[in-house]
Amino acid sequence: MSETKTNPNSWTTEITDIQPNRVAVRGYDIARLMGNVSFGAAVYLILRGELPDEKIGRLMDAILVSSIDHGATPPSALAARTVASTGASLSASVAAGIMSINESHGGAIENCARQLTLIITRVHETGSGLDDVIETVLAEMKASGQRMSGFGHRIHTDDPRTARLFELADEAGVCGPYVEAALAVERVFASSGKRLPINVDGAIGALLADLGFDYEVMNGMFMIARTAGLVAHVNEEKTRQKPMRKIDPVDHSYDGHPARDLP
Amino acid sequence: MSETKTNPNSWTTEITDIQPNRVAVRGYDIARLMGNVSFGAAVYLILRGELPDEKIGRLMDAILVSSIDHGATPPSALAARTVASTGASLSASVAAGIMSINESHGGAIENCARQLTLIITRVHETGSGLDDVIETVLAEMKASGQRMSGFGHRIHTDDPRTARLFELADEAGVCGPYVEAALAVERVFASSGKRLPINVDGAIGALLADLGFDYEVMNGMFMIARTAGLVAHVNEEKTRQKPMRKIDPVDHSYDGHPARDLP
Amino acid sequence: MSETKTNPNSWTTEITDIQPNRVAVRGYDIARLMGNVSFGAAVYLILRGELPDEKIGRLMDAILVSSIDHGATPPSALAARTVASTGASLSASVAAGIMSINESHGGAIENCARQLTLIITRVHETGSGLDDVIETVLAEMKASGQRMSGFGHRIHTDDPRTARLFELADEAGVCGPYVEAALAVERVFASSGKRLPINVDGAIGALLADLGFDYEVMNGMFMIARTAGLVAHVNEEKTRQKPMRKIDPVDHSYDGHPARDLP
Amino acid sequence: MSETKTNPNSWTTEITDIQPNRVAVRGYDIARLMGNVSFGAAVYLILRGELPDEKIGRLMDAILVSSIDHGATPPSALAARTVASTGASLSASVAAGIMSINESHGGAIENCARQLTLIITRVHETGSGLDDVIETVLAEMKASGQRMSGFGHRIHTDDPRTARLFELADEAGVCGPYVEAALAVERVFASSGKRLPINVDGAIGALLADLGFDYEVMNGMFMIARTAGLVAHVNEEKTRQKPMRKIDPVDHSYDGHPARDLP
């Protein structure tokens, strides 16, 4: 009699089922998804396990579009270009850009969502008003040397992407306690004379939290979107620039297509 | 009198214009793009410089959806999980996956497009028929130890994504000489008794070439799509598995949602 | 009148001075260092700012040699090989290996040093005996779900590198309170029936702490040493294996030069 | 009767043998290597399979010391610092630096060795004199838009590391046809009025070729050495600089220990 030897390293995954001539993401045949759902909806599916309704699918696309690129200023673009300028492959150069998405770049999405949770939980626990809780929490943060993530921007005083995201989220009916809390934080800042409006990272953090995303994959949304921008930057570096140039992080300007409106 | 000292490292970019309270990708205000174009269309825009029409935008989404994940079998998923299992950050783990997209994984997109160009050019130059040229080219490749990229698959004998992509491309009216040549290669293989159907990489390579993409960014499409799958794999590794486990590249199975159809 | 415009991004570094025809590391002409100090001594210099004496220089070399490779078992070797098998460059493949050196792989060096500091500080603060403090600290760790880093090994019950490192450290006269504390932890484990001897990471952590290294660069010693092993693994993968193979993390064996002694 | 099922993915490695309580690199017990050979000698062993004699071991250390760092000017240091400034881990930041070692940075080592091989082979095949062959080869290169790697430097007109390396190589008795050819190339350049002396990369390429290293691992020597410098740069960035600063690639200076001589 022979015994079946079990492999102790055998493991399972819940993401995608691969069978001969069949690929199914979270249960859905990929050929059926293709052409029927947008990439934003497919991203929601693969990260959450369920397909979103059409409006949320469109919101997901808008979130991805909002983060597709921010020119040559962010460290991810500069790191990718620096690596590309040495003769690295497209994939290695893009990877160096992805590796730059951390606490200080893109990380405000997750951090803001976590801090808003703190505020919302405190409201539930204490029964105090939202603005009162925010004042207390901001004072506590200041005392311990922390700062609220997702508010204010180095370049934009009024981030054009934030208003648009909230507008689309409103249309999709997904604005919940996180967006409410984020707007309240902005208001409390303003009433104390600080102009620190919600930036695009803060807005995405609040929206993803209202949609029910896990904190751990929130910055992943930014990585997915920005990979597209990084591919464009690496390709531009390789085609328009000389190898090993000194990449000035400040002294660059835009010489592309002039401003135009949608057709 | 003062002289203006010019910075020799000053440089320009054509991708995105960043001004206070304004972000414009290839000339289009990003807030206008958000909600009005899909992410697939925005990817086309950032890589090509122009917005696609709606049908091509939808095809772009379908291409991205087709490549979003392929389970735990590809080296990109295994590399990302291996790095994640050591306690690496989400961004470093995903980056390791991106770094695995090269010549032998994802690279068939670009390679297939280049090889089809060779065939198409030869037809134009010699005036010979497409199938004759392909027979000659395949014989030359065999003699020099090369092989045609984008045909056949380790797992799928009839890749479900290929037929769907060509169907959608047909609807969008973009099938041109590259798709024609790819189908002819498949036919020539078949007539010599070889079952080597176009795989998803070959199909994407042919379509991107017919759409006019530069070879250099073609594999970038795969990176953009797959980043989503990699985020899902890294998150699953961190939440469902123990650190430093031995990740078996073969002995894994799917235990996620059972097969289901679109709503 | 002209004003001098200061660049707000101007910055300084204390590591290496580059002048035409002169490179000086921490003040020492690199051409003078070459041939006069070992690489281990140069690593000490660049990380600490001062040259070590000759015995400590030799100990640094021994630490680097001890970590140069650990075969095909560690995730860094597997990640580097997985990326290499896709056709990645040597540098991208080695980088994927480096990215795997974190909390759960190599990280015990820093963690062990930090935990030993806790023990040593507690002895100073309370005036209690070393073994008593260790018993208390281990009990606290157990209660809070933590575990002592740098003790025990998946493969070695008696790590051959540990004894040798302590022997060489003893010759160099650098064993101080950290090595003493590490040996005491091992003893306390043993007296409670647990066979958890100091492993090579724990030994290096204790030694680097006794030498006065900052915690933040400790795992860097492991990265420097292991880069050599990773170059060897990537080169072997590329020369002895086929692209895209399934890299089994367990079922591999050694077929190199048989055991031999130093000449 | 039971059959033994063979794992088709079983594989072997020639680098390091791992047994319980025994680690042997290329056949040598690692505990025996520790304290008895320098890290440079161990690097030679792991890359070549044999231990070098003592003089060559010392030369290996000198090669590693020569490449340990080149200040803040190279793209590897800038990429590592850019990634570090976003809050990335030490290992991810160092990895970004390693990924920058390619064709245009560090790659001259391998390229120079390959080009010198071409020259040496041509001498053997044609029976012509070395200088004549070099003149022809340089003319051919110029005609095809290539340039000789390993000669000239952006900063150094007379690289202090080159002379020292050749001096030590001479002492070790390893200068062979590659060093001879490199010196001849320098001479031919000079006789045509071009001041393009051998730089440190060219010198290392010639020496590694004379030592018999495979081309494929040559740039690996640079990666091993530079990992030490990258650890120092990343640590300095994290301890002396603010997150997300604009890292100027030109406007930086040295403020470390003043010039000093060996004790």
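In order of appearance the chains are A, B, C and D, and numbering begins at 1 in each one.
Methods note: a contact is a pair of C-beta atoms (placed from the backbone, for glycine too) under 8 Å apart; a residue touches a chain by one contact, two chains touch by 3 or more.
The model shown is predicted, which means the values in this text are computed figures rather than measured ones.
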item: Most widely separated chain from subunit C, with each centre as the mean of CA atoms; value: B
item: Pair sharing more residue contacts (C-beta pairs) when C-D is set against B-C; value: C-D
item: Length of the line joining the C-alpha centres of subunit A and subunit C, rounded to whole Å; value: 35
item: Distance between chain centroids, defined by C-alpha means - subunit C, subunit D (Å); value: 22
item: Gap in Å, rounded to a whole number, between the CA centres of subunit C and subunit B; value: 39
item: Multi-chain contact sites of subunit D, meaning residues that touch two or more partners; value: 9, 88-89, 91-92, 95-96, 99-102, 246-250
item: Subunit A-touching residues of subunit C, taken from the complex the two chains share; value: 9, 88-89, 91-92, 95, 99, 249-250
item: Touch list for subunit C against partner subunit B, complex; value: 2-3, 75-76, 78-79, 82-83, 85-88, 92-93, 95-96, 99-105, 107, 243-244, 246-250
item: Residues of subunit A touching subunit B in the complex; value: 7, 9-18, 20-40, 42-43, 46-47, 49, 51, 58, 61-62, 64-66, 68-73, 89-92, 94-96, 98-102, 155-161, 163-165, 167-168, 214, 216-217, 219-220, 223-225, 227-229, 231-236, 238-241, 245-248, 251-263
